[in-house]
Amino acid sequence: MSVRDFLLTREGLHSWLSRLARDYPLIAPVEEEKGVITFKQVGGPQEIVFDCAPSTLPPKEWFLPSTEELFAFSTAGGGITLQEPPGPKERVLFGLHPCDVRALLALDPVFGGTYPDPYYLGRRKATIIVALSCTKPGPYCFCPAVGGDPVVAAGADLLLTESGSSFAVKAMTSRGEEIIQRYPGHFAPDEEGRGERARQELAGQLAGMFAFLPDLRGVKEFLDGHFELPYWEEVASRCLGCGICTYTCPTCHCFDIFDQSWDGARGLRARCWDSCMFSQFTRMAGGHNPRPTQKERVRNRFLHKLKYHQDRYGLGGCVGCGRCVAKCPVNIDIRRIIGDLKELASHG
Amino acid sequence: MRLAYYPGCSLETSAREYNHSVQLVGRLMGVEFHEIPDWSCCGASAGHTTSRLLALALAARNLALAEEMGLDVVAPCAACYQRLALARHELAANPSLWERVNGITGRPFNGTIRVKSIVEMLLSAGTEKIKSLVVRPLRGLKVAAYYGCLLVRPRAIQIDDAENPQVMEKILRAAGAEVVDWTHKTECCGASLAVSNEEVAIPIISRILKAALAAGANCIACACPLCHFNLDIRQAKAKRFLANYRPLPVLYLTQLLGLAMGQGERELGLEAHFVETRSILKMVG
Amino acid sequence: MRETARQLLREREVGLVIGYAAGSEAYWVTPAFIKEEAQADRLVWNPFCVNSLAKYLINYHHEPYKVAVVVKGCDSRALVRLLQDNQVQREKVVVIGIPCLGVVDAKAAALKIAPGTRILGASVTDGEFLLQTESGTLSLPRGEALCAKCRYCENPTPVLADTLLAEEVAAEPAANIYAEVREVESWPREKRSAFWDGHFQRCLRCYACRNICPACTCRECVFDQTDPCWVAKAHNLSENTAFHLIRAMHVAGRCVDCGECERACPVNIPLRLLNQKVIKDIKELFGVSTPGSRLDEMPALGMFATEDPDEFN
Amino acid sequence: MSLDSQWEPKIVGFCCNWCSYAGADLAGLNRLSYSPTVRIVRVPCSGRVNPAFIIRAFQRGADAVLVSGCHPGDCHYVSGNYHARRRFLVFKRLLEYVGFEGERLQVRWISGSEGAKFAQTVDELDRKIKALGPNKKMRQEPPGFSGVKDHEG
Amino acid sequence: MKRIGVFVCWCGTNIGGVVDVPQVAKAASSFPGVVLATDYKYMCSEPGQELIVQAIREHRLTRVVVAACTPRLHENTFRKTLERAGLNPYLLEIANIREQCAWAHQKQPGRATEKAISLVRRAVAKASRLEPLFASTIPVTRKALVIGGGIAGMQAALDIADAGHQVILVEREPTIGGKMAMLDKTFPTLDCSACICTPKMVAVAQHPSITLYTYAEVEKVEGYVGNFEVTIRQKARSVDHTKCTGCGTCWEKCPTRVPSEFEQGLGTRKAIYVSFPQAVPNKPVIDRRHCRYFAAGKCRVCEKVCPTGAIDYQQGDQLIKEKVGAIVMATGYDLFEWEKVYGEYGYGRYPNVITSLQFERLINASGPTGGKILRPSDGKEPQSVVFVKCVGSRDPAKGKEYCSRICCMYTAKHAHQVLEKLPGARVYVFYMDVRTAGKAYEEFYLRTLQDGAHYIRGRVSKIYPEGDRLIVRGVDTLLGRQVEVGADLVVLATAVVPSRGAAELARLVGISCDQNDFYTEAHPKLRPVEANTAGIFLAGACQGPKDIPDTVAQASAAAAKVCALFSREEMAAEPTVAQVNQFLCYGCLECQKVCPYRAIEPVTVSENAAGKKIERTVASVNSGLCQGCGACTVACKPGAINLKGFSNEQVLAEVDALCL
């Protein structure tokens, strides 16, 4: 069995990252503006933000961009010729926390199901994911409550876990191993299983550090049976109908498609993020809108997170990263929603 | 009030008495004159008719000198006043020309100082100031104030309305004199033609004297050496054209003021005029 | 506050009281919609009550019953604007005014307060905010924690209120109220351009700034319309800049500088800096007060004066 | 786009039908020649010009926008240009604030009898924009491709 | 799918000489929606229009773009063409490739063609978004208002009244008659001015359809063509004209004597006065500024002597509201205030330097001197009279740039009258040119020459008194030397300027003025008697200096235009008005605040939102009042209110097309 655990010193990590940045487009969390951490392409390790809180915006942008050209068309020379944008070159996504990786796994069936989406899947295939275990939960993290594991990031190619002054590296996939082989000098094989121990120890430490872990048990079942709840009315009356929660959520994937052409002779078709919280989201031709008021929209989003995704793909719709909690201007907190639903479920 | 003093060539030579009377009256009124060191010709001679650039450069050099002293400049002679004031006006209106002229003179003039005429200087302290200094009011004098052309033309630098100026009358009334309203205040005095082409100049001069006599004036006040030159020296020749001619002494405004302020006729240089001025002294007493 | 709410609900004078309730974190509050007297205890008032609640009234425009709403000074300006825009009828609103000593900027507080702590009480002195929590009192220095908009607050006492829950607070005349705007104005053009491009580049077009803004009350916003398509749905610098400039012009003369847009923005775009520039210019050009300060003063761009400044002839 | 001498700026003009459009006609009537870079959209009044139109022009590649109407007091609709004046005093400052060059938005009152002023305004604007070069802010490239395959799918 | 036809006009060589028309047509054929692109020498001609009609039928066109001259010239022509072809006339867009392209870029034909193509692309883009519009009708109040009671106002009023319409004539002075009533004779026929003016004044006073308000001013004008609401301020006369018989006892006995405006300051009048004996109405008014009673509360002589007790000191101004369908501006002219500017002529200090109107009063039989030409200074008959022309006219430095048109003729008349009334008197006329452009004008001038008037071609440089005479110094450019003329009397032919307050009145009524404050006509050649604002017409010197024959002709023309407007009960209103999409409107009513015509009112609509029936207030436009300025469309954030013919969609499309 090939050895899959390695050790990487802090300097080793830095040199490895600068080598990586030369060979691949290296994308990692960067503090673009005070208090705004986003995934951007970096030239080397010095720009990268390593501290543990989840980034302001999820890495979703690199798989489902906020605006993406689907194809361009031109009528020059008679008929219509189409042209698709070039597929992405292979690149490395560094610094994803386990919840972000889990989110990607949640998205895969959406775009990989009966109607495979070439754009998303092309990007997924071209990306080497290097996950970073959490050392300290963010103020609003609650991934354990939704079955998340802050340490192990199943789905990543490589998992780094800080242990003492160096890092335990676990190759989770063959691709991960290839990367290790490509940069032999940096990785020392970890015979004594120090990595494994570090991970358990870290898991143990983290377990008690979550400030607010809602109890999800029984909530989905309750929701299965109760669609009409006056509770949603109260939540909806607070909601502004903006798109923050959906655009900062790593698992939200709704998009709108539109065409752009200036002179009718050439143009492009593109898709861009859309939010179920917008009032026009479900407006149909002829003006009918199955979700006319904010109540339906708020209910729909939470049901999608806590129920529909589970029903459809057998995977949790919420990975507990807490980004929507951090940014909601009127403090609609999914942890509290779960708590309230639990309470409603218990005494009917 | 401290002013840079630009006498000009006439006040050094043919119009010395104007120079003395200006200094005398000025000092009495509390004005400190600081003659501009190394001042040169203001361009009023043939200069400004031959080349505009030459005229501007000549004036600009003097203005630059005055500016170095940091004082506004007063030029009693109407021609000098007009040259300096007009040059400052034209340079301000045309930046590229300004640079070129500064290049020529080698002394940069930045336009921070202003050019004042003798009338403006006298009136700057107000007629009350003049009245307060008058010891011997010019009673009995009927003065025809003669402006000539340079003080009131062109419009950009005129000291008062070009057709019906009243500033000198205001000063003379303050000095106790009676002023007459007459028609040829701003008519041309023949200027340099009096030298080069007398047949043209003399009739012009006679017309001015005729109008002054018709208005009942018994003397003429002016503020320009050239006008004084023509009206005073050429008066003898102009008599021929005038039916009922009476001698009309021609004095500088500042000489009349000097008299009113009790200065002697020697200090004011009254005897230097062709048309004798003793009649004035008798009238004023 | 709770007593007033209970009394209003008990006497059926209002059908709803809109106020603040404790949030899921110490430094947050969430809007509370109290319908029954019993729920009045959920209402709180502390230095974290930063939200402007006036805009919620629009949702109850057609309800038969009257609605009570809690307003601070800046919120009262927003309410005046909504009244002037006929979005809310004065007779259907009971205004509970709270003279305000300044509120805390949640983002700054979050750095100081550990997650999960619960607030028992709070008091404000002129130097700092004191928070009583289970683990002792916590002090937040006013200089750091005070919300930016409160530093130049023009109306600490609501301009419009049916009842005032505390005695009036005088407004100190703020010196150099638009210092940051003048700072940006003083930059060379390239720096200003790069500054704003950098910010607008990050805009997600989540429209939180629009949906929270009391001046943005259109039934269907131009940015949602496709025919005519004023601004394309694509998220790029050009369309984002177009969105922000058009919105700035739409709220010009109407924005009450309540700072909610800047607070709501998930990517920290300094939107107040943009809208304040317009407010400053309108004040300097047309000599009007901050919109919403007086019920009788209508938006500046809806009027004109023949002797307005002119630089176009 | 390299700034070669042949680069001609694209300037969109909004002219009010009663004064400035008539002024532009008069310039033509008097055969005053002025730079052809301005293309005019006729609007009933300068008060009809929505700042969003100007933003759209800059997005679509205009290098400058001219808005012109009747002199305040002469507006055919009494107060149209007064409102426009207030609006553009604010809008021009906002554009400069976010980094536009001020000259790129010109607002001028030009009456029906000021043909020469119209021609001068256009030439002056053309000169200034040629000095400034093409506008980069908010400019977008036309969507789609020119028909020849830029890059393989 | 829109089927657009593009028709590019050569306009002879006006366009074709600069722009490559065929290339423009070819380029146009590739624009989206264009099914036909052709060109023709003269699109506006009969065959040109026929070409369009045929093309519409043959190609089933649904939109038409004409690339030709300015829409302000032939938009209506081509609209009628579309109508003839059965297409809604508003499905037309014109590309202005003549005035704003070919003519302006003659030196750069290549760039002009490129610009023409871009302008056509703009027109096609707008055309493809045009909607059929249907002219709505607005009621027309068949009553006209004439402002100004001079010859222009009277003629217009009489013509309109004779056509059977009600007319309101408002005159600021106590009497109608204006400047013409002051004149003695009129050129070129020398018939007596009073003889042709006073009958018209009487006719106006007696005409059943004319309501005359003298000593009254227009205070406020609202509304629009066919529906103006005018507020007239009848200034207090302090005399009850119903009781007054005009017997004249009051102005005989009145102790206060002041210079008379009518006599141009040469004669005097009393505080209670009638401007001149033949005044209409022939009843006095009290000049409250000079009347001793109003000044100091004493006197009351006129009240005591008045046989019918008509004096009423307490009478106040009255505001009268009238609804009218059309307004004729006939506010006439005043003379240029030369005293303020011409110091060389003495700034008005010399009494014997008078204006031509003052001369008219001297020579007028009912004037202060009973028709004898006497010097204002000493009342003697002048032996030498000098006329100076172009005082203030054709003088960009000090006065007005334009020629005042009537001075040459009335100065020739005056010269003739002096020679006739003072045999042996010498008459000199300083002139730059003698402009005799009317019928029998040149002959009249030649007769004056033959009568012995000395015409000296040159300007007067200075006038100054010498003794009791005036010396006029000037130059004789034909002899090439200076001249001095001794004169007993000098008459200045000063420039004609609009009457006092003309600019404010224009702003009040809603029309524009040129830089000299004369009212601007819609088109100098094609629509000289109409203002740009629909329903407002111009007559007489208020539109530009004019002699009496032209004034009367223009007055009758304006009257004809008014009668054309009144010929139908209603008139078609421009359909390019604003319209509210009530789904988008959220009732903020900002639009109402910016609408200059108060054409927007709130209305309540009921709709069901999410199951509940609710009442909502939204804006709605009164298409009759709306003039289509579009100010509301920018004040409306969601774009709920749109302007037909210049909609948001159309303008955005135009901008996009121009930027391609």
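Here are some notes:
All chains are identified by letter, namely A, B, C, D and E, in their written order; residue positions are counted from 1 within each chain.
Here is the rule we use: contacts are C-beta pairs under 8 Å (C-beta built on N, C-alpha and C of every residue); 3 or more make two chains touch, one makes a residue touch a chain.
Predicted model only: the values in this text are computed from it and were never measured.
The minimal number of chain-to-chain contact steps leading from chain B to chain E is 1.
Taken together, chain B and chain C share the touching chains E.
More C-beta pairs touch across one of A-E and A-D than the other; that pair is A-D. Measuring from the averaged C-alpha position of chain C to that of chain E gives a distance of 54 Å. In terms of their C-alpha centroids, the spacing between chain A and chain B amounts to 92 Å. Mean C-alpha position of chain D lies 32 Å from that of chain E. Within chain C, contacts with two or more other chains are made by residues 220, 222, 230, 236, 301. The residues of chain D that reach two or more other chains are 51, 56, 60, 73, 79, 83, 87, 142, listed in rising order. This structure has the following touching chain pairs: A-C, A-D, A-E, B-E, C-D, C-E, D-E.
Residue ranges on chain A touching chain C, taken from their complex, read 32-36, 38, 56-57, 66-67, 139-140, 211-212, 234, 237-238, 240-244, 246-248, 256, 258, 260, 270, 272-273, 275, 278-280, 325, 327, 329-333, 335-336. Of all residues in chain A, those touching chain E in their complex are 262-265, 292-293.
Listing the residues of chain D that touch chain A in their complex gives 60, 142-153.
Within the complex, the chain E residues that touch chain A are 32, 609-610, 656, 660. On the side of chain E, the complex with chain C involves touching residues 583-590, 593-594, 609, 612, 614-615, 617, 635, 637-639, 648-649, 652.
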